[in-house]
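Order as written gives the chain letters A, B, C and D; numbering starts at 1 within each chain.
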Amino acid sequence: MNFFLETLFGGLLAGTMYSLVAIGFVLIYKASGVFNFAQGAMLLFAALTCVSLQEAGLPFAAAVAASVVVMGLLALAIERAVLRPLVARSQITLFMATLGLSFIIEGLAQGLMGAEVRALDLGIDDVPVFVGDVMLSQFDLFAAATAAVLVLVLALLFNKTRVGVSLRAVADDTRAALSIGINLNRIWQIVWAVAGVVGLVAGLLWGARQGVQFSLSLVVLKALPVLIIGGFTSIGGAIVGGLIVGAAENLAEVYVGPLVGGGITSWFAYFLALAFLYVRPAGLFGERAIERV
Amino acid sequence: MSVPMPSGQILDVRDISLSFKGVKAISGLSFSVQRGEICALIGPNGAGKSSLLNVLNGVYRPDAGEVIFEDIHYRRITPLEAARRGIGRTFQNNALFKRMSVIDNILSGLSRHARAGFFAQALGLPPARREAREHRELAERTLAFLELQAHRDTPVGNLAYGLQKRVELGRALIAGPSLLLLDEPMAGMNADEKREMSRFVTEVNRGLGTTVVLIEHDIGVVMSLSSHVVVLDYGRKVGDGTPAEVRANPEVIAAYLGTVQ
Amino acid sequence: MTTFLRRVAVAAALAAAFCGHADAAPSEQFFPLATYRVGAYASSGIPVWAGMIDYLRYINEVEGGINGVKLVWQECETEWTAEKGIECYERFKKGLNGAPVAIYHPNGAPAAYALSDKAAADRIPLITLGYGRTEATDGAVFPHNFPVMLTFYSEASAVINYIAQREGGFAKLKGKKIATVYHDSAYGRETQGPLKLLAEKYGFENIQIPVADPGNEQSSQWRQVRQAKPDWVFLRTWGVSTPVAIKTAARFGFPADHIIGDIWASSNEDVLPAGDAGKGYLALTPYPGGADFDIHKRIKTHILDKGRSDLKDPKSFGSVYYNSGLVNAAIAVEAIRAGQKKFGNRPLTGDEGRWGLEHLNLDDARLKEIGFLGLMQRLQLSCSDHEGGGSVRVQQWDGKSWKLITDWVSSDRKTLRPLIDAKSAAYAREKGLVPRNCARES
Amino acid sequence: MSNLSHQLPAPFEHAPLALVPRAIPWGAAALLIVAFAGVPWLAGDYWLNAILIPFLVLSLAGLGLNLLTGYAGQTSVGSAGFMAVGAFATYAFLLRVPVLPLPVALLAGGAVAAAVGFVFGIPSNRIKGFYLMATTLAAQFFLEWVFTKFPWFYNHASSGTIAAPRLALFGHDISGPVGRYLLTLSVVTLLTWVARNLVGSRLGRNWMAIRDMDTAAAVIGIDVDHHKRLAFAVSSFYLGIAGALWAFAYLGTASASSFDINRSFQILFIIIIGGMGSVAGNFIGAAFISLLPIFLSQAGQALLGGNVDPGQIQNLQKIIFGALIITFLVKEPEGLVRLLAGLRERLAVWPLRF
């Protein structure tokens, strides 16, 4: 029973790491209707920028601040070069454009900052913590707390600021938002920048865990089932989806894995997502559009 | 429950109710359509006319009530089954296949009549070729009837709105439906185009004996084209009868004058 | 559009130029370098090419080539993929400006598999150190594949031998638990067969725990490890899954000094990202890290200090992957030297290169001579044995660098050879091949 | 059928008939003659092994995906998974039923892939768009896992790889570069012809109708669910055969990782660049995608020599590639095939316009 609880809690905590990546997706999808495959590349780019600056001698806080600026500039460039020319095109077209974008960002990241593995130390002791008999990871707790703070900050940003209100207007009804004079391009720039910063946070946490290197961009594949379960349009959904995927994946690997030879985490989350989809075709929290004909 | 339909009727709508997320779109609507007539549905925007058509051919699923079409009773039917039973349909905002040519759009209307199997088509075997040739002839005739030959190979997305309406009519027509549902077939047309479209509808109705249910805002067109008018307002029926009867109905006048100037 | 067409025209012209070079009498030996400097595995590749190029440069500039035959090399980027690997091979196989190819390093498992048949048809030997088909040890069935020094089977045996050494003899293995945490791929699974056999032989409990690719989240695996409480963990991950494994192990309280990394989990790049969690981590390797070997002193004086090194980051000098580049290059150079004894001091063809490899014999004296003693094990190849070595050294990470803690630990290749013979025979049947008769080869 | 025309009103009967006569595709015929008769004599090993064979196989894979995505409108990023099914199934047939001739084994492998594709296409009745794409990702990862997990699929080889058994056709050994090229070319020609038949027939029309608007397709009597599943099956058949050719005619030895997600993306790029909803576009896209990197690396090698880090050339190539994809999406969403058609139209009126 203890083992079960430990697996469950460990999985839930691990799931928040997925949620962190998924949140960036949700922001962009809500504001610009783009399924941003390049989120993984942005994560890599952000973390690599931060580590490179740190290596160049900047203190950690300054490096983070500078990375935030860089991600803002990247967002500006993306909005200009990709989103604006493709406005009003189909979602699939936009998705494919982000595939191209991910190539560019990955090429840039490795070209400018090298392909070596960089260690990243956030100064968190990664030693086990015991709650009763149940072992938890301090690092995971920290990551979960970070995710919570991030969600709180985002909630404040979207509910209390003018930018946030216009963003929600855009997400609700783009045409109506345009008609009341909201500058769509500006909103996109801001949202992509915020998503870049979310990517930075996720990139630093993932980077601390596995080293900052190319494979950081692969975490995007882990975030997809999370999005599907949670729905593309809900930050709450991204959190819940991450928790579900994390817990289910861990439980499945431990309890189902041995029956089929293990190593099932690569696809289990996707099948779980499929099962959810079959019941709710637009995710747990997503809303299914009524087809108007 | 299933009271038999009087002969001469092709469609009987009984107590249909439909709502979206708790908002009533149609409530307790009943009316019937005689075989061979042109029945017009009129009413202000949001009265539930399009929703009703969507219920009839299964795009929407009503909460209550029953539809009787020919000899089948249903509340919920799939659009596919409705098409197979002979209900043809055009849409308010044109539901054409925009990247396909005019002739391909018309041809697609025949697909439920096709018999050639997968391998016959894949390998270009004689049965498939013969069928394709026959279908093409029929499509060419439809094009000619609707005077669309000049646009045969144009992608419909590039056509003027009025022409698109005609293509959509052709696509529904070529399948030989016994009931044709036309959702604002003359929307956005000028007087000449409306006259032409009216002519097509009349010819289809008389030549083929196809029963037509259409939604139209232009009262003039409705009065000259149809033999039966049903008036809806806020999802309820407020009038039902010949054009003359409906024109004299005070409730109809109130509903109409209240919204349309 | 027109610029695009122009570009295509230039490309066609270039490609034509490549295909139709004039044949001159060869005076140089061509070393094709199929590299991977970008993509997911670039971080491990970059130091390898530096090691290879530095060694080739050292041979050319200090020793005047191999018995006077100068070496030329050219790079071709494969991104560790099979397609680009094939493209590079096809580009290179005819040689460079007349300089022939004697030996080819596919550098990457996908390319190695894809080139196996093609190289056999072109009669060019492939060296796959630490990857490739284990059953290619049987040179009778695989004349052109050379999984030299260490196959995954030998590696499995060597790790058990090392554990026995630590535990105080093979008798002590009985009842011990040895868990293998492996990357769930063909590479990761390859030790399952030999470990099963050895577990039966020595009576230890063989626990296998797979990590799905890419392996950046492993809490469920290490929770299983924690539950099973093994005495030792044999870590057969690769790429990003290694540092994640080391970190996650620490998170679950499993001691790093009881984890033994395999050949692909034994580099600086594998432990550096793990930070403090990697302190004490053990790893076995056929090419240990360290810059104190004799060859390093020579290369430092003649190449590095003259600014002629291919290394961009001098910190990597003596890193495990840099040293693997040295060892890979040295095997090829020595094989060509062996071939020259029979064919004369001239550039060799693929066939001659293969003969040289099958008659390669590096004993301690020769290793000392070329400066590789301690860095490279004794190696003797033959027609029936394309592996030759089978030993590893165990190194321990102290947080900054690797410290060698053992001499060469050999493997029990005799016990495992029947497994290999069965697989190579199955392959021969499948392909309808008639094995060579090694007794009649000279 | 004829009973339908009896119901037509008078104007229908008198309508003039204008059927377009079928033109003989001289261009295609000439291309085929060159490909079958000329290329084997002219091209060396490098062109056959490293460029033409993979180009043809990728074109075929692109064609398979294009049927599903470009024609039926269902985006898939699991193409490589279905290729793997075709490769491993063909291998199993060749290995375990040695009497089967190669073409039959290929067909059977394709059929198995089609069946698997059909199964993964079942959710398409409820799941749409990006959500459906996730289904195909599930297929990708699951199939990759299956073909590493169960040693039966690769005959218990220690390396997890499958190697081409002796390639022979009617007793002729075709394992040389020319033999493998001709095998690939024949298969691709045949399947391209079939694909042209399909997309020009009612089936292709129905797929396009579903792509353009699936609700309307159902309303006019097209069985949308059935056609979507059929598209998955047919597409997977093509991909399966492409996978078998990739493994045996091109690579020689393959494993599950030869069919990873990057291959799926590569095939998706082929159809984006070449042109969705076009048969010829797949060939153009595949040519582009297989030649561009080779051109860039050769050009880099030739122009810059050893002065530039080859890794940087590769990074640059990645950036160029990504930029090209975006440029295509912005400037020519219908792909290179449209661009070339435009060029041809302009050339046709050349003396007048230029």
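What we mean here is this: a contact is a pair of C-beta atoms (placed from the backbone, for glycine too) under 8 Å apart; a residue touches a chain by one contact, two chains touch by 3 or more.
The shown structure was predicted, so the numbers you read here are calculated from the model rather than taken from an experiment.
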| item | value |
| --- | --- |
| Chain located farthest away, centre of subunit D as origin (C-alpha) | B |
| Chain whose Cα centroid lies nearest the overall Cα centroid | D |
| Subunit B and subunit D, separation of their C-alpha mean positions in angstrom | 40 |
| Subunit A and subunit B, separation of their C-alpha mean positions in angstrom | 47 |
| Approximate Å spacing (C-alpha centroids) for the pair subunit A, subunit D | 32 |
| Mean-CA-position distance for subunit D and subunit C (Å) | 36 |
| Residue list for subunit B, restricted to those that touch at least two other chains | 59, 91, 95 |
| Residue list for subunit A, restricted to those that touch at least two other chains | 110, 115, 261, 263-264, 266, 291, 293 |
| Residues within subunit C bordering two or more other chains | 37-39, 42, 46, 184, 212 |
| Touching residues on subunit D, where the partner in the complex is subunit B | 1-2, 4-5, 7-13, 15-19, 194, 197-198, 201-203, 205-206, 208-209, 211-213, 215-224, 230, 277 |
| List of subunit B residues in touch with subunit D within their complex | 57, 59, 78-80, 82-84, 88-89, 91, 95-100, 104, 107-116, 118, 121-124, 128, 131-138, 140-145, 149, 152, 171-172, 175-176, 203-204, 206-208 |
| Subunit A to subunit D touching residues, read off their complex | 35, 81-82, 85-86, 89, 91-93, 95-97, 99-108, 110-111, 115, 221, 224-225, 228, 232, 260-261, 263-264, 266-267, 270-271, 273-274, 277-278, 281-283, 291, 293 |
| Parts of subunit A lying in touch with subunit C, wherever the complex brings them together | 3, 6-7, 10-11, 14, 17, 110, 115-121, 126-128, 135, 137, 139-140, 206, 209-215, 218-219, 222, 249-250, 253-254, 257, 261-266 |
| Subunit D to subunit A touching residues, read off their complex | 75, 123, 126-131, 134-135, 137-138, 141-142, 144-145, 149-150, 215-216, 261, 265, 268-269, 272, 311-312, 315-319, 321-326, 329-330, 333 |
